[in-house]
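We call the chains A, B, C, D, E, F and G, going by the order they appear; numbering starts again at 1 in every chain.
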Amino acid sequence: MTNDIIILPLVVHLFFSILLMFLWNKINLQKIVSIVGNAVALVVAIWAFVFVYNNGTHVVESGNWPAPFGIVFVGDMLAVTLVLLTAIAGFAVSIFSAISVIKARLRFGYFSVFHFLLLGLNGAFLTGDIFNLYVWFEIIIISSFVLISIGGERNQLEGAVKYFALNFFASMIFLTALGVLYGLVGTLNMADISLKIAEVENTTLVEISAVLFLVGFGIKSAIFPLYFWLPASYHTPPSAVSAIFAGLLTKVGVYALIRVFTLIYAEDSFLTVLLLTMAIMTIFSGGVGAIIQNNIKKVFMYFIICHIGFMIGGLALFTEVAMAGVIFYLIHDIIIKTNLFLMGGLIYRIKTTTNMKKLGGLYANYPKLSLLMAIPLFSLVGIPPLSGYWPKISLILASFNAEEYWLFGALIFGSLITLIVIAKLWAEVFWKDQPKINFPKKFIYFDQLRLGQKFTFVFPVAFLTFVTLYIGFGAEHIQQLSQRIATELMNNEMYINAVLKR
Amino acid sequence: MKTKFLSNILLTLIWIFLTGEYNFNNFLFGFVLSFIILWILSGVEDKGSKKYFKIVPRIVSFFFFFIWELTKANIQVAYEVITPNFNMEPGIVALPLDAKTDLEITLLANLITLTPGTLALDVSTDRSVLYVHGMYVMNKKEFIADIKQGFEKRLLEILR
Amino acid sequence: MLGAVLLGFLFSLFLVFAGSYFRGKLAVLSSLVPLSLFIYFLTFLPEIADGKVIYENYEWIPSFGVNLSFTLDGLALLFALMITGVGSLVFLYTSAYLKDHKYLDRFYGYLSMFMAAMLGLVLSDNIMSLFIFWELTSISSFYLIGFNNDKADSRKSALTALGITGIGGLLLLGGAVLLGEVAGTYRISEMVMMRDVITDSSHYLLILLLIFGAAFTKSAQFPFHFWLPGAMKAPTPVSTYLHSATMVKAGVYLLFRMTPILNGDEIWHTILIVVGAVTMVYSAIHIIFRTDLKGILAYSTISALGILVFLIGIGTQAALVAAAVFIVVHALYKASLFLITGIIDHETGTRDVTQLSGLRKVLLPVAIAGFIAALISGGVPPTLGFVGKDLIYEATLHFKDAAIFLTVLAILTKILLFYGGFVAGVKPFMGKLPQKFEKLHLPSPLMWMPPLIMTLAGIVFGIFPGLIETAFAKPIAMTQVIEFEEFHLKLWHGFNSVLGLSAITITLGAILYFTLKPKHNLENAIAKLDKIAPKDLTLKLSEGFAEFSRLWTNFFQTGYLRHYISTIVLFLILLLGYLIFSDFSLSIDYSSLTELTVYEISILLMLLMGVLYTVFTKSRLAAVAALGVVGLSFSLLFLFYSAPDLAMTQFSVDTLTVILFVLVLYKLPKYLKLSDTGVRIKHGVLSISFGILITLLILKVLNEPKNTEISEFYAENAYTLAHGKNIVNVILVDFRGIDTMIEISVLIVAALGVFGLLKLRLKTRDKK
Amino acid sequence: MEIILAIITGVLYASGIYMILRRSMVKLILGIILLGNGVNLLIFLLGRITKGEPPIIDSAKKVLEGVYADPIPQALILTAIVISFGLQAFAIILVKRTYKVLKTDDLDQLNTTDEDS
Amino acid sequence: MRTIILKSASSYLLPVLLLFSVFILLRGHYLPGGGFVGGLVASIAFVLDSFSNGLDKTKSVLKIHPGFLMPFGLAIAFLSGISPILFSDLPLMTGIWAEDPIPVIGAIGSALFFDLGVYLVVIGASLTIIFTISESV
Amino acid sequence: MIDILIYITSSLGALFVLLAAIGTLRMPDQYLRISVNTKAATLGVGLLLISAAFFFLETSVTTRVLAVIIFILITAPVGAHLIGRTSYFLGNKLWGKSITDDLKDKYNKSTHELRGHEEKDENEEESEPKS
Amino acid sequence: MNVHDFLYYIILPILSISSLLVFVRFFKGPSIVDRVVALDLLITISIGIIAIYSILNDKPTFLDISLVLALIAFLGTVAFAYYLEKRNKND
């Protein structure tokens, strides 16, 4: 089994999605099976993580075909870390789904599709083959289409149509890039591409393929000027779904950018300028967008964008310090963004709305819950020593060293906006008295739940908050991990040698 | 039971033709495969399948007769197509049917469609009339008689 | 020292989570926490007085160089004692002031968290951990200012304060990171050795500006001062503790700390002196126009902070000693005055100084404390205030060429501060007691004892300034000044020019107090000036920014899918166009191309026409049928070019898609002409440009050689190793089987989606 | 031949994008299909094309020799076709569903989620 | 559509087309074809049947909901994919082949089962999609 | 010998196909166009397929060719029937020079049930067609 | 002229031209029925083209594609008829 250890998460998720399809009408059983499945996936992910942590990059050659002839799965530190984070987020969200998603949705294969989505995410992180990455992307997007649109009311359908069109378009651009790349190097294995692309004489064509990848992935990861569709789509589905979208879907785009731009493409001044500009604009635009929102889910949405800019900016700097910052931020962001949307769901369950103007009095009525939620909020802001703070040190430092003062300014700007908006959100939602609104009668409020149900609602939030606290206070471990990953990424021959067995 | 078996054999033969391997193993495989398919489809009504044995050889003989008719039909139409003027007098004619079963009606309609200047448009819901579009309906009664005496008669002779 | 810092945090956690079980019973007991810390720090006095510096270091996040390093030197001890000392009294005072308040425990929780953060800040030897504690003071003060969170005013003030100090915090982060980078260490004590490296570095100015930004926002220097009067909305203990004694001095502390590291250039002095001077004079003048006691105190606090910055800017030993002493002076009198104001407010229900008089008759001990506080504030001997004021004049008088000018500014400020101190500390108690206040009773000693203790301490220290000298002044001077000179603090220096200036100050201050009475019309007069005051400007700026944000966001977030896509397409066109035309050469090797035949041309023609027909037809059904033609042409094309599997698949899939279309199409409306011609042309140009770029791109790539290593491997091994002869199929089920496995999963999910999309609604509708 | 195919690919991209930019949802889907075909053709073309030599090993032989078409792009396109089919099927239904709920085919009517709610 | 002609024609076409689909499936490893096209042909056969005989009739012929073919097919593909892991500690998707080829199909191996899984999934998915649409129309 | 057969079958096949194409283009109404193309194309394509059978002269190819031809023979007329009657539903008019239309008014507009010939228009109520 | 050239230079062009002629009908319409019929005929002609092409390339296996084509073309026609009838009923 240890030979295949890094792909066990894939096996587990595929197994459970099949199993769940067989349990089509047994919703209560599905809930349990899905939670068990995610728990198993978590255990397996930890196992794989520890294995790679101790033994270094591990490669599985599917079909026993050596690279570059077959599809390989590459468990380097970055991949297994992301797999682990996916498992953590997936575990929390599966529990949250079990309690929060309405029966009608569950009856139509929600959990099965959910596992397919997680399968896709894990596959995307692990694969060493660029076309295979496309295929994983597709299972991700089709699953997300289904999750966003099933049981669709007006808003969801509107969101889904745009979401579909843009993601399809992104996939087409990705495929175009892939076609160009294959036309140039005749191989699909990323490590092999990396070697062969260095021999391509026409660097303009290489740059073009890079730009196409950038745009294709950029649409998915919400970079300026490609993200405009996102705020209108991601907040429409149920919170459990939004949580996975927010936490992982945009990050898989960032992951792909990191992978492609560290492994395949060498540093290039044109691309650097392009990435930097896009990053700065993303931070700015996301931050500016967050200021004017009244719905907390949409506020979080714009922060996703804003903070993606942080990571892209770090990637653009292309130094080890910056990369460590990017990785740390990625780790922090996946957990925190997932949690924020679960919190949104929790607030909705309490108050039937996520509109700040209609919300209030949470602190007075739910002091402990409020304090619990304060931790992720302030982690998002990056109040030291919580998790969002640490990566900023690396990013700021790297932007200084690279003398990219605009990026530095953008980082400060983004952090400040986050601080102010979250403080405002806190004041509005938690401090302010509950304004007089008509609470719908036909709604099961949080207060009406049984103790066990309440616990199930709060547990995922508490669990992820705990992880966030660990990231903040155990920053030493995370930073060491991030530095190790950054070293691996910046010295891509480690990856290439592992894959091609050189 | 017997009809099932015959269908089974027939499908097996089609299989052998498709694969082009004429040996026992392939026969066996084809047989099992056909069996499975028939088993799956056992809900399908198979009216008229009892006559498989008789029908198969007759279809083969009818086939060659039909090719001839088809060629004739095409020549006629070809002439119509390439000559600059149209000599036709088309129209839709109601053709009373003697054919009763699904198979009979279907085959008749298909044959009519495939032959010169005629197109079977539809069968009345009570199966009493076949509506035929003809290119050369110079005389309605003659037109009807031609078909009834030609195709329908021949066909029913074969099928009954 | 780690324990000292952690104690506050742990206590805070305990109160926040478990406090509600005690319902305020722990209030008085809570004061034991700061008190014991105060005593703990007192025990270090002898060592520090001996000139020792105590270091402690705990590894935390060595990867970042962020460690819990603590230093206890004169400066740190001064602040630590002030924090814990004033803290003890404030804690005590609070127990009475907020007695029976619903959230008293929570309040203590925030308060001790703040105290711990503040302690951590002043004890940190690591600039990153200093920053961490710095931010924690901002956050805990956010909660403290917004403690009465049901009031919109409180929330707004808390947000403003957090916003301004938040900016400062981020600047500090930048400065700290940069400083650490330049110095090669985050330890402040080590940075001192790197002074020359830092001041010579090209980043020096940037560092300086960042650090100043942090300090000025935190210590409410002009033009960032406006958050402070607003923050006074907080309950009195908060105003006392944070906004006079401790937090606002964090900026001053930072400048103090940085003096031996960054004080190497004229610019350091210039900026600090100018900003400090403007702040102290500007806000001192403001005092005259205030009638709210807290308003008076707020502006006098800002002025005092200005004085401190101003002194640090002067930077001579005398000035630094003056600053150190003045920190103590200010803490003693200002904290007392705040507490006194709190008592008055608590008892009379008003802070309007025009309404208050004669309160000495009912609140005698408070009146005594008020009187002494006013004396300290006014620098009247024998209080420590007098010592402090003299030291200030001493410092200004000896500052190079601008001595006279600076001294005049200092005197002006001091006169106004004298006035402010008396208005706040004396005026409410003098004159006739209004009838409505006759029934007032002296509140609990827990409230009036703390100011009394502090003011008395002001007299004791005034009479024995040696205490201050040995405990703080000398140790601070020794660590913060490069060339230390021996000095002594005295109450009486004999007759000299400084004494003369003191006399002038006190006389003019007294005259001002007796002639100028606080009036509402004065307050209204200055309100008109608010429009150009930094506060309103900032407000307008932030409103403008919000408006800009709205415009910016709505400009891009139109909600129209086609805008989003056309933006992306345009972006791609620009990038690809730039790259393709940047080295435009299109030489095609015609010999490498395949020959063109009649039948291919007809197929391609059909394909082309089919595509165009699909685009331009006005009938949806015809478009779908045309799609069928396109699919057919495609599969023939694939067949001609050696891809039979593709031909089959393309055709079956296309037909199935057409069927799907056909099945749902009649549920959809007919085509309408929705876009006008201009839009069509715009989109046409966009799409055609993109198409042209793609064509050019293809031709360029086709010119490059291609590596065929992988396909050769498949050709050789498909049968021998993978037992298949149709290599495409072998790739699909074996070499790249994973792709296929996921591909069919995609189909499954799509089918589940279709199923759910159509059936789920049916079911819910059925329920209705 | 390649030149003409390249032009046709360009036409497919252009048509696809043009259709996606229309306001009608039905046109959006037609555009998606056209664009998908364009992408397939691009991959096919850039994998270099070969006439009449499918990558199938002769029944009498064990290895593929001589001139043959690159099987890899074919396999990729096949996968892409199937995936696109799944997505298109879903999209068609999505559009139908959306039309039923929103009573409009006009994409410009789909902008309430951007408004404040 | 209520037309006798289509109805009777399709009832004869259905078994032949299914046969043809299996043929396409099995020869895929050697000649053009394979699980995907095979599955499509099979599902088209059923769709045709549903057009002519009505959906209920076709469903009763199928006996189970086509949706169940999807997990079933995927399970087969999945098992053929992971069997190397379970049985011989080889990586995922490693081909396992019987020693001797058999007639018609050729070499028997895990790839064949994999293709069979694809075949079933394609039938299941396309039929689920089309039937659902037909029902909701 | 075989070559000659191939020449003949392929030429005839191509010719019929061409005729069908021309017919489809030229014929004045839908019914005539359907009529023309079904016949001509079926024969033409059949011949082309047969020429392939002649060329390869392998039983497997021959049987496959036969299978395709039979298949076309079954499906083409059914398709023609379906599309022809649909054309009638859509109200596509017969060519102006057509002489008779027995189908006129025989379809029930909502159910698409088709009345037989013998039943007179007057007594349609009592003779509900059995299904 | 051998068989190969005959097929290549005469038969295939005739078939191609036929396709284009049919496409003209597709283009002209006017009724959707004409388009469906034209599409059907196009596919049928393609079957012939494939038959000739399989001879030219000596690849009998291409004939299988023609079977798939025939099958699916039929389904397309059925589907269009189905749709048109349903739409007509609903009007």
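Assume a residue touches a chain if its C-beta (ideal position, glycine included) is under 8 Å from a C-beta of that chain, and two chains touch if they have at least 3 such contacts.
The structure presented is a predicted model; accordingly, all values stated were derived computationally and were not measured.
Among the remaining chains, those touching chain A and also chain F are E. Compared with chain F, the chain whose C-alpha mean position is the greatest distance off is C.
The chain with its C-alpha centre at the largest distance from the centre of chain B is C.
Measuring from the averaged C-alpha position of chain B to that of chain D gives a distance of 40 Å. Centroids built from CA atoms put chain D at 27 Å from chain A.
The geometric centre of chain D is 24 Å away from that of chain E, both derived from CA atoms.
Across the assembly, chain D contributes 16, 20, 25, 28, 42, 46, 48, 52, 54, 56, 59, 70, 72, 78-79, 82-83, 86-87, 89-90, 93-95, 97, 101, 107, 110-114 as residues in contact with two or more other chains.
Shown for chain A are the residues in touch with two or more other chains, namely 14, 21, 62-63, 131, 135, 138, 142, 145-146, 149, 152, 161-162, 165, 169, 176, 180, 183, 186, 188, 231-232. Among the residues of chain F, those in touch with two or more other chains are 15, 22, 34, 42, 44, 58, 60-61, 64, 67, 74-76, 78, 81-82, 85, 112-113. The complete set of chain-chain contacts reads A-C, A-D, A-E, B-E, B-F, C-D, C-E, C-G, D-E, D-G, E-F, E-G, F-G.
For chain D in complex with chain G, the residues that touch the partner chain are 52, 54, 56. The touching residues of chain E, when paired with chain D in their complex, are 30-32, 36, 125, 129, 133.
For chain F in complex with chain G, the residues that touch the partner chain are 3, 6-7, 10-11, 13-15, 17-18, 20-22, 24-25, 30, 33-34, 37, 41-42, 44-45, 48-49, 51-52, 55-56, 58, 60-61, 64-65, 67-68, 71-72, 75-76, 78-79, 82-83, 85-87, 89-90, 92, 110-112. Of all the residues in chain D, the ones that touch chain E in their complex are 54, 56, 59, 78, 82, 86, 89, 93. On the side of chain G, the complex with chain F involves touching residues 2-3, 6-7, 10-11, 14-15, 17-19, 21-22, 24-25, 31-34, 36-38, 40-41, 44-45, 47-48, 51-52, 54-55, 60, 63-64, 66-67, 70-71, 73-74, 77-78, 80-81, 84-85, 88-89.
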